[in-house]
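The structures come next, written out as structure tokens.
The following pair of complexes shares a single chain, chain A, combined with chain B in the former and chain C in the latter.
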Partner chain A sequence: MKKVRLLSIIALVIAFSVLVSACQPAAEAAPAEEAVAEEAAPAEEVAEEAAPAEALTFGLVTKALNNPFWEMVHEGSLEVAEANNVELLYLAPTKANNLEEQTRLVDDLIAKKVDGIVLVPVDSTGIVPAIERANAAGIPVALANTNAGGGEVVTFSAVENYDAMKMLAEYAVETLGGKGKVIILEGTAGAQTAIDRKAGVDDTLANYPDVEVLASQTADFQRAQGLTVMENLLQAYPEIDAVIACNDEMALGAVEALDAAGRLADTMVFGFDGNNDALKAVSEDRMVATCFQNPQMQGGDAVQALIDYIAGKEVPARIQTTAILVTKDNIADFADKIAAAE
Partner chain B sequence: MNKKNNHAEAEVTEEVQLIHEKPSIGKVLSRFSRLGALLILCIGISLLNQNFLKTTNLINVFRQAAPQIIISLGMTIVFLTGGIDLSLGSVVTLTSVVSGYVLTQTNLPWWCAIIAAVGAGALSGFVTGQLIAIIKLPPAVASYGMLWVGRGLAFAIMGASPFFSFPDTFRYLGRGYFLGIPMPIWIVAIIALILGWFLKYTTLGRSLYAIGANPHAARASGIKLSKTLVSAYILSGMLAAIGGIILAARLNAVDQDMGASFLLPAIASPVMGGTSMAGGQGGVAGTIIGSLIMLVVTNGMNLLGINSLWQQLVTGIVVVLSVWLDVIMRKRN
Partner chain C sequence: MKEFNGKQIRQFVLEKVPTVTWILIVMMVYFSVSNSNFLTLDNAANLCRQGAILLILCLGVIVVKITGGIELSNGAVMSLCGMVMAWVMVNLNLPPFLAIIVSMIVGILFGTLNGVFVTFMGIPSFVATLGTQGIAVGLALGMNNGNVIGGLPEGFSAIGNGTLLNIPIPLWAIILVFVVTSVLLNKTPFGVYVYALGGNEEALKLSGKPAWLYKVLAYSYSGLTAGIAACILTSRNMAAQPTVGLGMEFEAFAGAVLGGSYIAGKGTALGGALGGIFILILRNGLNILGIPTYLQLAIFGTVLITAIVLSTLVERRVQKMRDEEREE
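Moving on, here comes the complex of A and B:
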């Protein structure tokens, strides 16, 4: 009996170490990438012109690790950082949208005395104390994608959710021919992005009395919820001309529900964000349009603003990222992203 | 030694039989109270909206409930032993990611994806069970640790871009029909029948109740505690995997956090269905009813067009009310 227990403990330890080592690559992938970037950048710099006296180190903190959207923000930031000989430390909560963890990450960067922080707040209000601590430590902060309710920031680089959603909704009404029965899938109840996007849709549709909103329901920005909520709404409404979803995940869930019910041909689906698989859906006529938020540019502009600020240049307090309406007409411009999704 | 064990085991099964097959009026009443709660809810919603009682909608709700029912049944088994498995949500994520990986990144046939996913679920449950039974970690801590291990592995396998566009053979499990009934409902029905039989008529099934009701007595009567415990967690991991497979087949995609939202409903459903978190009490039927109550509420709110800001509140109230009803019926007992 004792032998068996000893054996199982040994087996467990082995199993665990295998598991832990399997986890390792993911955890270290980001720093490794940074290291490569660091090595590559100085060489270029020397070739171009005399390098600045000291290389800068920035921290980038997003809302979640391993999320395609935040990964694109990271890519864009890294590109600008690399080009300017800035070392970029990428950190993100392992549990998506966890404010407590994000606050800790910002504090870590402050303790490391980085030269600047690019931050995508999980919660606009909750992050303020962390920004204030960075201010107190004299570290400049630039926000990307999501605004904060306080603290001093160099700039805020993002798409204007309200305006971009209006653009999308206008296009939806145009495709509908100014009349039809519409369902709106809202984001997480109470979240600022969800509120802004919904307001964009509501304000647009209010101008078109012939567009009837059958239902406006939350699907929590999630694909699985989008599927469930759409399945339920299909039961209640035998005729739906369009679904306007406040992000691509929900839109793709709705596409699955419509497809399974054999009603995708009768209903147009609109999304928002421009995720790779949504772009693919547009190219395959499963979705009519989405709005590309240009996450690379959001991150890159924020990094550039910090570099300029530290160099003593003037930086605008608000950098508006241009959102691009993606339809069948310009989907060819996104061929590389669709290919990346395969 | 062996003979003695057998004898003791026979004794304990008798005891379990006594606990579970005593036909008391209160027990029957409380069982029907759960079904009653579900029926009252259904009648209420159907009075407010005629679409609710349509066959297509009822089938729709059942199909939606399938993953949650199966995952909750896994939690029910663990609850019977007096434990808890907090890793179930991330096991759902991990196993669906494993199936997505096999389907999109390899040339293996679709059924390999199912075997790989169920295997991953069983392995994860095995490790959780070992941590609890052999290393003696409290179930909440061991499974919380495995929650992170599961998430980490899912991240490592998938990287930043989700898997999507699965072959039709695989998607059939989520959206296909057999004899006019959706596949997820068939899968739930088969699992529920097997599990119901397993818990009632097999030695291992009865031992699960026994170690939850009184571990010392169970051990004294010859039940192998650690083996039984580990089996419970392996079973719950496999059920979570099946839930994950149905979910992936329905969504035609897997993403990094798709299982997380199933953990708390999987804890609530068995409790709403009368399974005790302290162990030794509960079963399959109650958990199915508990899950259905939650899905009917969502369905009803969508049909009625209730404002998004109120939906969470309504769900919370229904969960609390139905557990409360259960407690009242039991006290009367």
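Moving on, here comes the complex of A and C:
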């Protein structure tokens, strides 16, 4: 029995080690080094100390794992990081948009003593102390997509959510001909981007008294939620002219619901983000428009700014990513992204 | 005095030391060897600060767990407590220490509500606490139209970020809650009844003792821990977000189960704390090694199941030893 116990513990250790080392990003880049480090830990330390200037390590922390948008921010960041020989660690809260978990991730990166952090704050106010802790530890922070209310940051690379959403809402009203029955799908209650985009839609529609807002409900920025919320709304309202969703995932969920109910032809769907699936939906006339906010560039610019900052170069405090309204007219420009969705 | 032989010592160790301890030691050695940033004072302080929230929740959950109940509302209640305390500080200009008391009262109220549902209405704890979770999230979101409450008084930051005698204040909070939970479970009638509730509730009822009172109190205590955890959480972010605690209930519950209380009537404060530490260190270590999050989830699940299987094996072994002893 004692042997069994001992064996199971050994098995656990081996299983754990194999799993962990198989997953370590360093293993891909330098398998030989990894093997050495595994056998003798001090060797790793020596290697780290010997070449501190060359290989920078950045941490990227986004808001969630289940939204392809953040994967695109990661993609863009990774591209710039790899081109500059920077190792990029990607972390995100397992509970989507969870501030407590995101704070933990930033603190862990500080403890790991990374050279820089690219952060997409879940909440602009609540993340401030974590940024201040990074400041205190001397680790530069660059923000992408969502701003923070305080702390010192190298730069903030994003579209202006409020303005971009206004642009989209104006286009929606124009397509509707200035009147109609509209449903708004809001983002996660309390999330900064959700608040900004909702304000953008509300402020636009307020100027058009003939546009009637039937309902404005949250679908948590998620596709599955967009589907169920829309299914319920379809029961309640026999006539819906347009759905304005504050992100593409919810818009795509609404498209599914409308399609299943056979009402997609009567209702125009507008999204925001410009993720690959949504671009494809625009090309297939399932969605009318979305707002491409170039997530790859948002991430990539933030990484580049950190690299420049560490190299002692001047970095602008705000990097404006241009938002592009995507409609049937210019969808051809996004052919490569649509191909990626297939 | 009776002499102890090797077998007795082994039985004693297996019985008294939660199995998760060994796995924890193995894990910590592995992380320390793999990355030089894991075993540092900085990271220890980091773990104390970020860990206090989960650990304190675990210590509340384990009490409910010992009575045979399940607690799913504490994450949401913690969010609500945070919102209420931030609200009273911002809108009523209440000093932080009063806001802390308010937070604890809200926690106790919701815990007691759980207890009342479970005890008097016969609702299974799983359903009752899921219901209060919904109520708490709804209220938290409604308080400020889903928005965050920020702009808290400067001094409030000390709770989550300050130190007392060079020790992070969250660590003091862990120690305090740990000692209180230990004393409650081991030295008071409350503890006796909590274990009895999990062991054989019917027998306790037939004995004519007020079983209901202690059952309600067990849930109230878990609510109180949610209120305390909310103080640290809100202070760490210097803002209260309405959905911040969602999902924490599962981590806390997993911690409580890992700590040895997967059977009703079993479990200790030490076990609950170690279970929480286990989850915390696993996540922290994987982050420090730089493992991508999606792989972390798979590793997390694997290790969790392995740990519980191992605990079960040890539990069976101890049971067998006891049976053998009785036969002798």
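Operating definition for what follows: the second predicted complex is superposed on the first by the 284 of 342 C-alpha atoms of A that agree within 3 Å, B and C clash if a C-alpha of one lies under 4 Å from a C-alpha of the other, contacts with A are read in each partner's own complex, and residues count from 1 in each chain.
Heads up, the rule we're going with is that a contact is a pair of C-beta atoms (placed from the backbone, for glycine too) under 8 Å apart; a residue touches a chain by one contact, two chains touch by 3 or more.
Keep in mind it's a predicted model, so treat the numbers as computed, not measured.
Looking at the overlay, does A:277 come into contact with chain B only (first), chain C only (second), both, or neither?
Touch status of A:277: first partner only.
Given the touch rule stated above, what does A:322 touch, chain B (first), chain C (second), both, or neither?
Neither partner.
Mind working out whether A:330 is in touch with chain B, chain C, both or neither, as first, second, both or neither?
It touches nothing on chain B or chain C.
With both complexes superposed on chain A, which partner does A:190 reach: first (chain B), second (chain C), both or neither?
A:190 sits against chain B and chain C alike.
Considering only touches as defined above, state whether A:109 meets chain B (first), chain C (second), both or neither.
In the superposed model, A:109 contacts chain C only, not chain B.
For A:65, select first, second, both or neither according to whether it touches chain B, chain C, the two together, or no partner.
The answer is both, since A:65 touches chain B and chain C.
Looking at A:100, would you say it contacts chain B, chain C, both, or neither? Reply first, second, both or neither.
A:100 contacts chain C only, not chain B.
Between chain B (first) and chain C (second), which does A:215 come into contact with in this model arrangement: first, second, both, or neither?
In the superposed model, A:215 contacts chain B only, not chain C.
Touching chain B and also chain C: which chain A residues?
5, 8-9, 12, 15-16, 19-20, 23, 25-26, 65, 94, 189-190, 218
Which residues, counting only chain A, touch chain C once they are in their complex?
1, 4-5, 8-9, 12-13, 15-17, 19-20, 23-26, 37, 41, 44-45, 48, 57, 59, 65, 87, 89-95, 97-101, 103-105, 107-113, 123-130, 133, 149, 188-190, 195, 218
Show me the residue ranges of chain C that touch chain A in the complex, using the header's touch definition.
Contacts found on chain C: 22-23, 26-27, 30, 33-37, 40, 42-43, 46, 49-50, 53, 141, 145-148, 150, 157, 160-161, 233, 236-248, 283-284, 286-299, 302-303, 306, 310, 313-314, 317.
Along chain A, where are the residues that touch chain B in the complex?
5, 8-9, 11-12, 15-16, 19-20, 22-23, 25-27, 65-68, 71, 94, 96, 186, 189-190, 215-218, 220, 222-225, 227-229, 231-236, 249, 252-253, 256, 260, 276-277, 340-341
Which residues, counting only chain B, touch chain A once they are in their complex?
Its residues touching chain A are 49, 51, 54, 56-57, 60, 63-64, 127, 130-131, 134-135, 148-149, 151-153, 155-156, 158-162, 164-165, 175, 247, 250-253, 255-258, 261, 298-299, 301-303, 305, 308-309, 311-312.
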